Amino acid sequence: MSIDLEPILLSLKLALITTVLLLIISIPISSFLAYRSFRGKPVIETIISLPLVLPPSVLGFYLLIAFSPQNFLGEFIQNNFGLQLVFSFPGLIIGSIIYSLPFMVHPLQAGFQELPLQLREASYVLGKSRFQTLFKVLLPNIKSSLLTGIVLTFAHTLGEFGVVLMIGGNIDGETRVASIAIYDAVEALNFGVAHIYSIILIVISFAILLITYGLNKKLLNSVFRHGSN
Amino acid sequence: MRIAVASNAQFAADSLKKIFEEKYSTDVELIVSSSGKLTSQIKHGAPYDIFLSADMKYPKSVATDGMALTEPKVYALGKLVLWTTQDIDLKNGLASLKNPSIKTIAVANPRTAPYGIATISALNQAGIYDAVKNKIVYGESISQVNQYQLTGAANVAFTALSVVKSPDIKQNGKFIIIADSLYRPIQQGAIILKHSNEYNLENAEAFYQLLFSEKGKAVFRHFGYNVN
Amino acid sequence: MVQIEIEKKLDMAEGVKELSVNMEINAGEFVMIFGKSGVGKTSLLRMISGLFRPDCGIIKSGNETWFDAEKKVNIPVQKRNIGFVFQNPVLFPNMTIMETLRYAAGKNPDKNYLRKLLKITELHNMSHRKPEKLSGGQQQRVALIRALAQKPTLLLLDEPFSSLDLTMRQQLLNELKFLHTELHLTTLLVSHDLVPLIHVADRLIEIKNGMNKEIKDFSEIKPDLNTTEKVFQGKINKVYGSSIGFVAEIRVNEESLKIPVSEKMAVFLKEKPSFRFSLDGNGNIRIHDEL
């Protein structure tokens, strides 16, 4: 039995890129949510949390419609950026970013909120800008939240299935990620291959979580705290 | 009574269900999914009485595992069509696929779906597989191929004739039937499952007979299948 | 000179209160503002610093306009070059004392000046320590020199030592006074508690009923009878006059307390070196009996 490792590598690549991009996107979003109060804030927070409760098929269904070149958004992106988002790796990245958004934003937002309120002001009165304050004072003091967000996002994206199934198109080396390859193998009654992919995924996930728990005992608490929210 | 039905046969099965329920006043429940998923479920003890597959391979594998009361028997021969709901010219048959305005072709996964195997073989026979293979995206079943087409995510789709003849889709777009000579006939097999032994054996046998009766054959013909 | 002429509607627990402040602080002065909690002392400091926006009025520092409601001028907190010491130290947990000072001092720090700050506050031997490894008094000292690292034109302190015990408070106040004189600072300190502070201030301003009022002699201040009294036994060290009244320095056990007293009391205390006394929240002293 020859095993094609490409789906595993593709899953890791998807998880890595999604995590990096989500980290960049979530820092401003979560600090904004942590420090500002404005009308409509609960609506924004609800939208960000929706992927926690919605079945991935709902998200996948609407992404399929939105990304379709027949519809406005898909057509606009295709014409202006030459990028087709259905059946493509960039499409999976965007889908994963939306799908994993709460897994990055929630820990970071909680991290910012747990810092003393005056910590920011203590930096501002020293003449430091918001940007300097964010990078020199705030982020270095929420390292465990950052780690939590990174690990949860990576692991969650690694295990993503429903959204990819809906918008992926099962293309080798492009959208055929590990979870899809496992599903395929089970469908084809090829249980041997399904076992091998599954075990590789279990081992990778276990290793990531073990290392993280080892590094950071706080993680366990924060996972449970956010999980119960 | 529960009948496990491959996606492509769901519309025909629904007609048979109505006929059967009228005649025997027994409720029939259809479980529609891909043949592969249904097979996995049956092998792990799903309480279904009859299995209408999209091919012969899956029912054979169920029978080999001793989960069936009968040997698989072909109830219909599926026909492959090229279908589009978009403003795309299909007059040149399969050669139309080379047209640059077609960017995405939805095909059922050949690893698991018989219509996918038939599609790839037809493209190979027509000598255009290499020219169009980069346009192909795979749906996990005929149902997902239909979704890709109906949402406009794919420009054209290879699906079952029964799908484009179904009441829901009839008005949607246009199709061409792929010549029988380009692929091996899609033999769709049926079996009575061991589970029926407990409660529903009589009903299951009655439905099985209906499947192969003149009335049953007429239903499958109506939905675009060939029958022996 | 800092000129403050502002009004602000404050949302307090007891409802909306109007705060109207009109005062001037001369360069080099050590001004103390006091008043009961909830009168808007902290809000006033935050408005001067730029962390909080007044409803109307002006704030000027020398020739610079920091705030002018009519001309829509509101210089951001970062541009006002202010030193601010909060009620809690709020140090940066990720930085050592040295890193904190370098961060605060900005580009091209005056290393001699930073060394001097460390030396005066006796933190020079632990400059590599992070806040978690410091005592409460040390943390507040770091907060103080952090505020001074950028050589501010105005130093603002909001109940800076209220979480510390009395002795530590006295000691830090003495250091503050020393820094104030040594570095030619202009200092504005806010407190609800008058006792330990009075001997260091050049001027006293009380905020009451939403207005500010200059206090010329602290015997004008009515004792606050609600404050729990504490009974001490002590010995007089010395009694001396300051710019706004007399101060009695009393030894209680190993601690030394500085207490503002009226002239009459000062004369009385000089003759009674050892006695039992009690003290209320506004620093009024009551003699119980002689030992």
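Chains here go by letter, A, B and C, matching the order in which they are written, and residues are numbered from 1 within each.
Everything that follows uses one rule, which is that contacts are C-beta pairs under 8 Å (C-beta built on N, C-alpha and C of every residue); 3 or more make two chains touch, one makes a residue touch a chain.
Note that the coordinates shown come from a computational prediction; the quantities given were computed from them, not determined experimentally.
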Farthest chain relative to subunit C (centres taken as mean CA coordinates): B
Central chain (by mean CA position): A
Chain centre separation (subunit A, subunit C; CA means) in Å: 49
Centroid distance [mean C-alpha coordinates] between subunit C and subunit B, Å: 84
Inter-chain centre distance, subunit A versus subunit B - centres from mean C-alpha coordinates, in Å: 36
In subunit A, residues with contacts to at least two other chains: none
Residue numbers on subunit B that touch subunit A, as the complex places them: 34, 36-37, 39-40, 58, 61, 86, 103-104, 106, 109, 111-112, 136-140, 147-148, 151-154
List of subunit A residues in touch with subunit C within their complex: 116, 118-119, 121-129, 136-137, 140-141
Contact footprint of subunit A on subunit C as seen in their complex: 49, 51, 77-79, 81-84, 86, 88, 90-94, 103-104, 106, 146-147, 149-150
Footprint of subunit B on subunit A - complex, ascending: 64-65, 67-71, 74, 84, 86-87, 165, 167, 169-171, 183-184, 186-189
